[in-house]
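Taking it in order: structure first as structure tokens, then the write-up.
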Amino acid sequence: MKFTLAQINRHIGGRLIGNPETEIVTVSGLREARPGHLCFLANRRYLKDLKDTAASAIIIPSDIEPPSGKNIIVHPNPSLAFTEAFTLIHPPQAPVTPGISAAAEIAPDAIISKDASVLPMAFIDRATTIGSGTAIHPFAYIGANCRIGENCLIYPHVTIREGSIIGNNVIIHPGAVIGSDGFGYITIDDNHIKIPQVGIVEIEDDVEIGANVAIDRARFQKTLIKRGTKIDNLVQIAHNVHIGEHCLIVAQSGISGSAEIGHHSTLAGQSGIAGHIQVGHHSIITGQAGLTKSIPQNSIVSGMPARPRHIEQRAKAALYKLPELIKTISLLEQRIRDLEKKAGFNRPDPILTTIQDQTNME
Amino acid sequence: MKFTLAQINRHIGGRLIGNPETEIVTVSGLREARPGHLCFLANRRYLKDLKDTAASAIIIPSDIEPPSGKNIIVHPNPSLAFTEAFTLIHPPQAPVTPGISAAAEIAPDAIISKDASVLPMAFIDRATTIGSGTAIHPFAYIGANCRIGENCLIYPHVTIREGSIIGNNVIIHPGAVIGSDGFGYITIDDNHIKIPQVGIVEIEDDVEIGANVAIDRARFQKTLIKRGTKIDNLVQIAHNVHIGEHCLIVAQSGISGSAEIGHHSTLAGQSGIAGHIQVGHHSIITGQAGLTKSIPQNSIVSGMPARPRHIEQRAKAALYKLPELIKTISLLEQRIRDLEKKAGFNRPDPILTTIQDQTNME
Amino acid sequence: MKFTLAQINRHIGGRLIGNPETEIVTVSGLREARPGHLCFLANRRYLKDLKDTAASAIIIPSDIEPPSGKNIIVHPNPSLAFTEAFTLIHPPQAPVTPGISAAAEIAPDAIISKDASVLPMAFIDRATTIGSGTAIHPFAYIGANCRIGENCLIYPHVTIREGSIIGNNVIIHPGAVIGSDGFGYITIDDNHIKIPQVGIVEIEDDVEIGANVAIDRARFQKTLIKRGTKIDNLVQIAHNVHIGEHCLIVAQSGISGSAEIGHHSTLAGQSGIAGHIQVGHHSIITGQAGLTKSIPQNSIVSGMPARPRHIEQRAKAALYKLPELIKTISLLEQRIRDLEKKAGFNRPDPILTTIQDQTNME
């Protein structure tokens, strides 16, 4: 739906500066914004983005000077106002048409809300409950004794194995697997004997799980994804992992068994977390990093094994000077040899030349 | 099917040198070839491979000296001749038996070519069109308003979400997901609010997509895979990515949002591309490399963050000399100290010893 | 099921030291164990774990001194005794209820054991055989001409393409793809022409395959996973790979075409193996390592490109001293310059200062 800036301003109750006829088609972040987008600024830290944005309008707080040449809505609480505008422009999708397809396969004792939607070729096993407003798509598999909350979207080819607990407003994208066995063996005489994995997976409210993700059930108790956490495609989450609230777990990252991730942490793409370690709240694991030890809150780490990012960056920058450094040291050695000669010292065989040659050979 | 070399030569019209009764069972590259295989050589660069190949016969151009002891077909256009031989030996598979299974679930207004094959337990949603010669396997899910071209192979458990456009001769392997939501949120007061992902995915002709790949739909407009590109298993392609023609995207590599990959580029296994950057045509990202900045065409990059391969290799080679180098510098310092003593200088405390000890301790 | 330690001891015939009424609910490894768990110790190497374990009881051999304060069963063969206790506490799951659902889609000439279980919405193609005790779950796809052995668990959304051979006691988790085409092309005039992939996949007895794994069929002959090997989630196994017996292939690792992995080897998480190389028996590829060359048996390698772990660790440790080392060399150069001045030598321009500045700038 399209709105004029005036319509949006009336809805959120701010003070409009600029052209009230400006057309707004969607919302966006300051950096990604394009014409037709509405953004907001809550923090002075992003003043530069405010200046550079291509957005058609921005909601800003009262204590920031409105920049000239921009359409601005001044509001005492920009993030609240933005949320209200967001909902105006993109109203929550109309609930799926309720109903249970006769072409779905549903156990007689499954309890499906009359306001849920179960599409053809879905499979729901015994003693499972499905909440109001939830849609179960074709080829979704829900095992026995699961509890699926309200207003969830379970896409095609999702597997939710027995005993899983899914909260409300959870979105699970195609091909994701919830509740597969953890990877646990005892090795006896060189044979790997499977350890029973008898725990479950619990997913709290407002979690989103990407395509072809794998989340293993716990050995005992539960693998836990707390509310508001968003998981991208092809992520691996091993047994007994606990992920805190409002984390971002980016594509192809992997979390080993029993690791714990604090609230509001970010795992960037293709990063890995070793087993049995803790990541403090508000931490960032950068892309392809491999974390092997616990880190306190507010950490930012890079590299493999991961170290604080500034240390990793300084070391990596130095690394690319290393071939040059070896040459330099060779020159210094020559100068030392000249000094030694003058001082009448015995001259040892040169060492650096050898090192340098070997380096060049590789 | 088996052919004699004479039969193949008659088909492609070359000049045969060697045993015309040689049996050929398939085609292959020079390096991988085994007895019974036919290869071709188009470029003098690979003369060494010609000498070493185990192939039973090779097609070569007129301007290359036929090697002794090999079965050779001389042809003015080896690559064309090879393609013709390829098609002779491996004729395109007979079109799937046309027909729509009564055990498939198909929306009444879907338009399925009478020459397409829809197998039992496939699902095709409303207003979707399926072209002639295309096979939709069991448990394939095709959402609403999709356009699937001709002669495509859609394997079991593929998910193609609503609005996707698939060209002709496209192969999509089991478990691949096309059109899942992009990973996009606006963070308001520490909550990640989902940004609507209202674009589509478009796959052009002759693309192949591996097992359990994930390709996200665009935020707006489209995620685009251009013609002739081949994607291996478990690859992640984020929203708004554009991949050029005839690329090779090897297994478990990942491309972040809005990145653009030029024509004829290769992403080797487990490599990663950051968001919003450009990879020039004919570039190579080597295995496990992490590219964080745009690169011009014909680049070859390695490491994380990725640098030109020769720089990365030189730095890595030097790195493994570093422990030895530290010892060397310690020796040089000792020699400087000896010189300083003789010169009557004050001697500072040794520095290198400390560094070296710390290194050894880790 | 719960047992007292006395009951377990009677079953395995050992000598009990400690409280016979101790309750045992499951088995576990010494390090992971918690109260209620039974463990075993077979090797003096793990004596420290014996001391530290939280297990409620441990089976130890006759030649190890029972630690005080622990519940102990002394047994001449602890690993055998542990296996017997394991089976007592976790008896093999009752065979699935045999039967073929009328809601499954099965080719008339498929041969299904009367003791197998085929659940609703499974698909089994022509000329495939399913052994006794095997369960085929909803949305499992078994292509034509497959042989599936006895007592296998084929979970939902598994794809097993035509011609695959699966042994006995094999577990395949949801979303795994067996037998997709290998990634093989011949490039002719910049076009990638698909090479037919006409081999198969063979999985031997006692193999476990994780969720959303991809195992490609061979170009010719077979991709082979030998008995007892365990594969975690989201692993990529390319065409013609051979994996030996009793390997552990951890999540998100990838093995390129035609590589061979020896017996009892471990690929840790997110590691990668290049094509056409050999990994010797009993080797370990550590997390995120990238192996580009063959290695002999008993190797332990790290890094990219992978080197022996102790060399990689020494180099990485030295790397983080490098920024400090550059400063040190700069100081040494200053001292050389002072000596040169005193000796009346011409002083060259300082070199190190430049390097250092560039390093700091990045």
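General observations
Per-chain numbering from 1; labels A, B and C assigned in written order.
Criterion: contacts are C-beta pairs under 8 Å (C-beta built on N, C-alpha and C of every residue); 3 or more make two chains touch, one makes a residue touch a chain.
Being a predicted model, the structure only gives us computed values, none of them experimental.
Two copies of one chain, chain B and chain C, touch each other, and the residues they use overlap weakly: the shared fraction of interface numbers falls below half. Relative orientation of chain A with respect to chain B corresponds to a rotation of 120°, obtained by superposing CA atoms and rounded to a multiple of 5.
Look at where the CA atoms of chain B average out and do the same for chain C: the two points lie 25 Å apart.
Contact with two or more other chains is made by residues 121, 139, 157, 175, 212, 234, 252, 270, 288, 319, 322, 325, 329, 332, 336, 339, 343 of chain A.
Those residues of chain A that touch chain C in the shared complex are 105, 121, 123, 139, 141, 157, 159, 161, 175, 177, 180-181, 183, 185-186, 188-196, 212, 214, 216, 219-220, 234, 236, 238, 252, 254, 256, 270, 272, 274, 288, 290, 292, 304-305, 307, 311, 313-315, 317-319, 321-322, 324-325, 328-329, 331-332, 335-336, 338-339, 342-343. For chain B in complex with chain C, the residues that touch the partner chain are 26-29, 32, 42, 79, 82-83, 86, 90, 103, 120-121, 137-139, 155-157, 171, 173-175, 208, 210-212, 228, 230, 232-234, 246, 248, 250-252, 264, 269-270, 287-288, 303, 316, 319-320, 322-323, 326, 329, 332-333, 336, 339-340, 343, 345, 348, 351-352, 355, 358-359, 362.
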